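The letters A, B, C and D name the chains in turn, as written, and every chain counts its residues from 1.
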Amino acid sequence: MPKVGILGATGYTAYELIRILLRNPEVEIVAATTRQDGNPPIHEIHPSLYGRLDLACENLTAEEVGQRCDYVFCALPHVASMTAIPDLLAAGTKVVDLSADYRLNDPAVYEKWYGHVHTDPTRLGDTVYGLPELYRDRIPGKDLVANPGCYTSTSILALAPLVKQSLIEPTGILIDAKSGVSGAGRSPKLGTLFSECNESLSAYGVGTHRHQPEIEQVLTDVGEEAVQVTFTPHLIPMDRGILCTIYPQLKESTSQEALLDLYREFYADCPFVRIVEHLPRTKDVAQTNYIDITVRFNRDQLIVLAALDNLIKGASGVAVQNFNLLAGFDETTALLV
Amino acid sequence: MPKVGILGATGYTAYELIRILLRNPEVEIVAATTRQDGNPPIHEIHPSLYGRLDLACENLTAEEVGQRCDYVFCALPHVASMTAIPDLLAAGTKVVDLSADYRLNDPAVYEKWYGHVHTDPTRLGDTVYGLPELYRDRIPGKDLVANPGCYTSTSILALAPLVKQSLIEPTGILIDAKSGVSGAGRSPKLGTLFSECNESLSAYGVGTHRHQPEIEQVLTDVGEEAVQVTFTPHLIPMDRGILCTIYPQLKESTSQEALLDLYREFYADCPFVRIVEHLPRTKDVAQTNYIDITVRFNRDQLIVLAALDNLIKGASGVAVQNFNLLAGFDETTALLV
Amino acid sequence: MPKVGILGATGYTAYELIRILLRNPEVEIVAATTRQDGNPPIHEIHPSLYGRLDLACENLTAEEVGQRCDYVFCALPHVASMTAIPDLLAAGTKVVDLSADYRLNDPAVYEKWYGHVHTDPTRLGDTVYGLPELYRDRIPGKDLVANPGCYTSTSILALAPLVKQSLIEPTGILIDAKSGVSGAGRSPKLGTLFSECNESLSAYGVGTHRHQPEIEQVLTDVGEEAVQVTFTPHLIPMDRGILCTIYPQLKESTSQEALLDLYREFYADCPFVRIVEHLPRTKDVAQTNYIDITVRFNRDQLIVLAALDNLIKGASGVAVQNFNLLAGFDETTALLV
Amino acid sequence: MPKVGILGATGYTAYELIRILLRNPEVEIVAATTRQDGNPPIHEIHPSLYGRLDLACENLTAEEVGQRCDYVFCALPHVASMTAIPDLLAAGTKVVDLSADYRLNDPAVYEKWYGHVHTDPTRLGDTVYGLPELYRDRIPGKDLVANPGCYTSTSILALAPLVKQSLIEPTGILIDAKSGVSGAGRSPKLGTLFSECNESLSAYGVGTHRHQPEIEQVLTDVGEEAVQVTFTPHLIPMDRGILCTIYPQLKESTSQEALLDLYREFYADCPFVRIVEHLPRTKDVAQTNYIDITVRFNRDQLIVLAALDNLIKGASGVAVQNFNLLAGFDETTALLV
């Protein structure tokens, strides 16, 4: 029975990880870390786990976690992640990293967008990007999986079939993205207070959001030509959910039905991608590992719409998909509820 | 002291009209209509007016309302509006129509998008479009003002300076629009139930929303060349507010500062248009008649962002602006709170 | 493998039933009814079930459903339920009724509170009240289980240990109850529109809510003396969740710790009752079948607080608990996620 | 024209104060303080004030503010307030203090509930409690007004007519109180993050909330016998609004209509108290200075329900009522919108 640990157990993605892993009776959660002292039981930090998991949150080093676990989910912020992961790997554990530290291949791009010199650059290009729908075959056997960002999963899965088939112009792709507030994390900040977000709506990070280079890197890899997107995120007064409304320019005219068929074929082997005819709602994928995708036309303008739960398919659900592939479980284990 | 009436007093826009008009001590509200029987006091329909307005809602004909009032706000649904308005005008009253019935100039376009033959087509092209920021000089002296749609005001005001100066391509303008739920009205429908909307987010009316031809008609008038937009509305889990994120294609490169200056100059005489440097939030314009607009670049892609309160600047606030111009009040009367 | 059907499949409780039952691979859902024509697939009514359940919603009679199924969940409104259930039972199926029709023992009380003559009165007193924490032993072998109301489960479970031990005065018990909007169902009504509920809070049904006699009947049964409560429900701007804040009068003084011990012992065999030290939050039980209960003192005044998810533990979760007991599954099957 | 300042201008109550004061053309706002450096314009802190108020937020001492202003609203936290106010008063300004520092008469009670020794105890019992509905005559001419707490205003106004007439038992009064999140202030804290509050509901501060002694002190003063209440606050997932559901024990039986008449008479001269027949909703008083109160019976149990906007009638609106009385304006100036 694999022993599993979570580095950085106080946030929302850590909580969702635990909730999902508890559904797999063949997994044992043996470590959860926090910088708080006093070894608080996990239910003091996540009260909904009361009576469900008997585990203390400990202030452990990466090395200690690595020695105790076969697999570790690293839910630390960026920078903290690339500090801990070499120690985890040295201890012989396998790692799914939910931070951004190993997603970008080029340390210069990392430095430009994250404002930090990458301290583990040799591992960068070598790490698999953990989007099983695109890279399933490369994941088993790896030591380190870079779990994708929430906006990036949504955008990439919505565009990959078009980019792969070279049906759209590789530049000038407009992604108007909307996310619930949980995507901003659990650290108290003015901008994520209830009274700031509720009954409010705004764009943020226009032109500066770090998921833009990640989307471009992966879609460039998929399409084998340089992809450029304009990514505009918005904060929506809801807890969870992402909807991306995407406006690509088709090279040649086609039909909604032909495109839906293309998508269905592209994702035929992907149990968590649903190509739907109706307009996706975040509510329909909330608390699930599904992403719902459809396409529409307004005159000749193609519009691709995709929705997922940012904490599940956008973070902890796909992390468990990756873990399942690493640990030899069926890809859907604990993820179909 | 002008006597004012409201045709269709049970909805949200009627409530906001009353709330605003009560701030003008030189206006007397003398009629409010409903199809309900029993002449319920207005506070049974809008409890927040308890003790503020002593008025019964009556099941009056348009003719009766016209005889009692100098000015009438018509807050009926489309089709009902164009049935009532000829009678109101025949009775000698002046009308601000909040429905869509007199916004489009071409009865064929009306029929195509609204699915009804227009029954008052001769008045169509002759009616002033009640967006004071563009047509202020044409409003005084008119008998009938077609109050703009909420999405359309936002989109038009966000684009007019660029279109007027011919700085952007007239076609291929993408408008990704987001609205709170009150825009859908107060009639009970499955789609606007709390438990359907809350914690949910989706696009709707993709390619079919009736504000698209209205935006195109007005911007074509502003720019004197045919404008085409792709308008994609989304329903946001909040009560009130609209944010439009707009992606036009610039003909020549320019800077954010140059564009902000252009906007400031264009709207120099408009007390309710605020050209801001920060990203607009709907919360900052809620309960006000302001529209906040800014521009941003992501690489070379221009992005225009605009926010207003759909029930105030998007409906009842601009209706009172129009009324003020018709009745000889200062344009801002009762609207700066 | 038991064949299961759902009478009245369009509401929220029906959706939750399906979602829970899909987790039990040894159950087959073979019928779902609607009054809509055209046999719409279930995912047209509940889009989140897309790809998860291949079933049409049919306009079937109770008799037809009864012939097709071994077990039926009746999710019809009251009155409709007592019309259908005799036919279901005559067809030899076992029924969990989620309506109120078989909860009250006395047809006169039913008529007083529901305003209808009960048409199946002989079955009333004979039906088991489906609260497994109190009546687990009586459920197996029954043909008909009356599933409890959401407020009533919360209130009864919060008070049963005190009433059973006769620690509190049987009258003058104040229950200040708060519920999310989904408890009001999925039929469009003015009062449950997003724009009415959001950013609003009010009491409703003061002195007239139908769960009051149900709470009193069951607690009277538990305590063997006549219990009277003052039940005051409030509508909270959230989708799901109930919190009851209860003020009983203790007969003799005691301590918080002694009472928590009493509760822990009383519910020792109940996997879904969690006696917690912290103040319960609805968020911590959302999407689960748990009820969290604690007690507090303010000077000498005892306060009991209890929270559950009104659609799960308050409706469909306990319905599946009851089904599990009827069908011979472990009580927790499909309910621990 | 009186010169007005705000000490502690970054919070929600300060923002509401400014919004209200801007409606009075005979008031000049000349100072707003912050501990932030750089003298940010007020619209950087409250973007909705963009273009409405040309004022920098300065890091001023209380003395400097006192010298510049005739009237100061002190919107600092407790402790900070009692440090600043002696300097303000020494400079000859009049002060409305929105903190709790001068509400309680007894420094020992203050120390017990707030955990700080009061540093200005001689002024305590001498300060007027700024609830104009009870103490209107004592306010004009005062130097310092202690503005009431939000829960306390609601509770006191709901109970004062009963206590004054000695119609209810003075002890055992249960106040089940519910508040929106803005009542918790604008400082980032885990418990007020959107993702913690949204879709959640819980009690907090049971037995320990500081408004309990304040309610008891004022009602004891009103009734001239010692009043004791059990005050239980709850956090509601909405921005603004308080509803108190209050369960007193009547000494003699009476009727709903007799009580409503008593309330109407008691508050006959109070323009912001509305005695209504329907159940109060926070939405109906949002953005206003009204408090809506009604009474109901459930069998013989009296229930008093009262709703107000915690930021307006519960804080900044009543503060301006007090200011109006101090400065010689009509009590309703700027408050009826």
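Everything below uses one rule, namely that a residue touches a chain if its C-beta (ideal position, glycine included) is under 8 Å from a C-beta of that chain, and two chains touch if they have at least 3 such contacts.
Bear in mind that the values here come from a model prediction, so they are computed numbers and not experimental data.
Engineer: Please tell me whether A-D or A-C has the greater number of C-beta pairs in contact.
Structural biologist: A-D is joined by more C-beta pairs in contact.
Engineer: If we define chain centres by averaging CA atoms, which chain lands farthest from chain A? Would you check?
Structural biologist: D
Engineer: Report the inter-chain centroid distance for chain A and chain C in whole angstrom, where each centroid is the mean of the CA atoms.
Structural biologist: Here chain A and chain C have centroids separated by 36 Å.
Engineer: On a C-alpha centroid basis, what's the spacing between chain A and chain D, in Å?
Structural biologist: Distance between chain centres: 45 Å.
Engineer: Can you list the chain D residues in contact with two or more other chains?
Structural biologist: In chain D, 180, 196, 198-199, 237-240, 281, 283, 286 touch at least two other chains.
Engineer: What residues of chain C sit close enough to touch chain D in their complex?
Structural biologist: 172, 174, 176, 178, 180, 196, 198-204, 206-207, 212, 228, 230-232, 234, 236-241, 243, 245, 247, 279-283, 286, 296-299, 301, 303, 305, 307
Engineer: What residues on chain D touch chain B, complex-wise?
Structural biologist: These residues of chain D touch chain B: 19, 23, 47-48, 50-51, 198-199, 274, 276, 278, 281, 283-288, 290, 292, 337.
Engineer: Please output the residues of chain A touching chain D within their complex, sorted ascending.
Structural biologist: 12, 180-182, 186, 188-190, 192-199, 237-240
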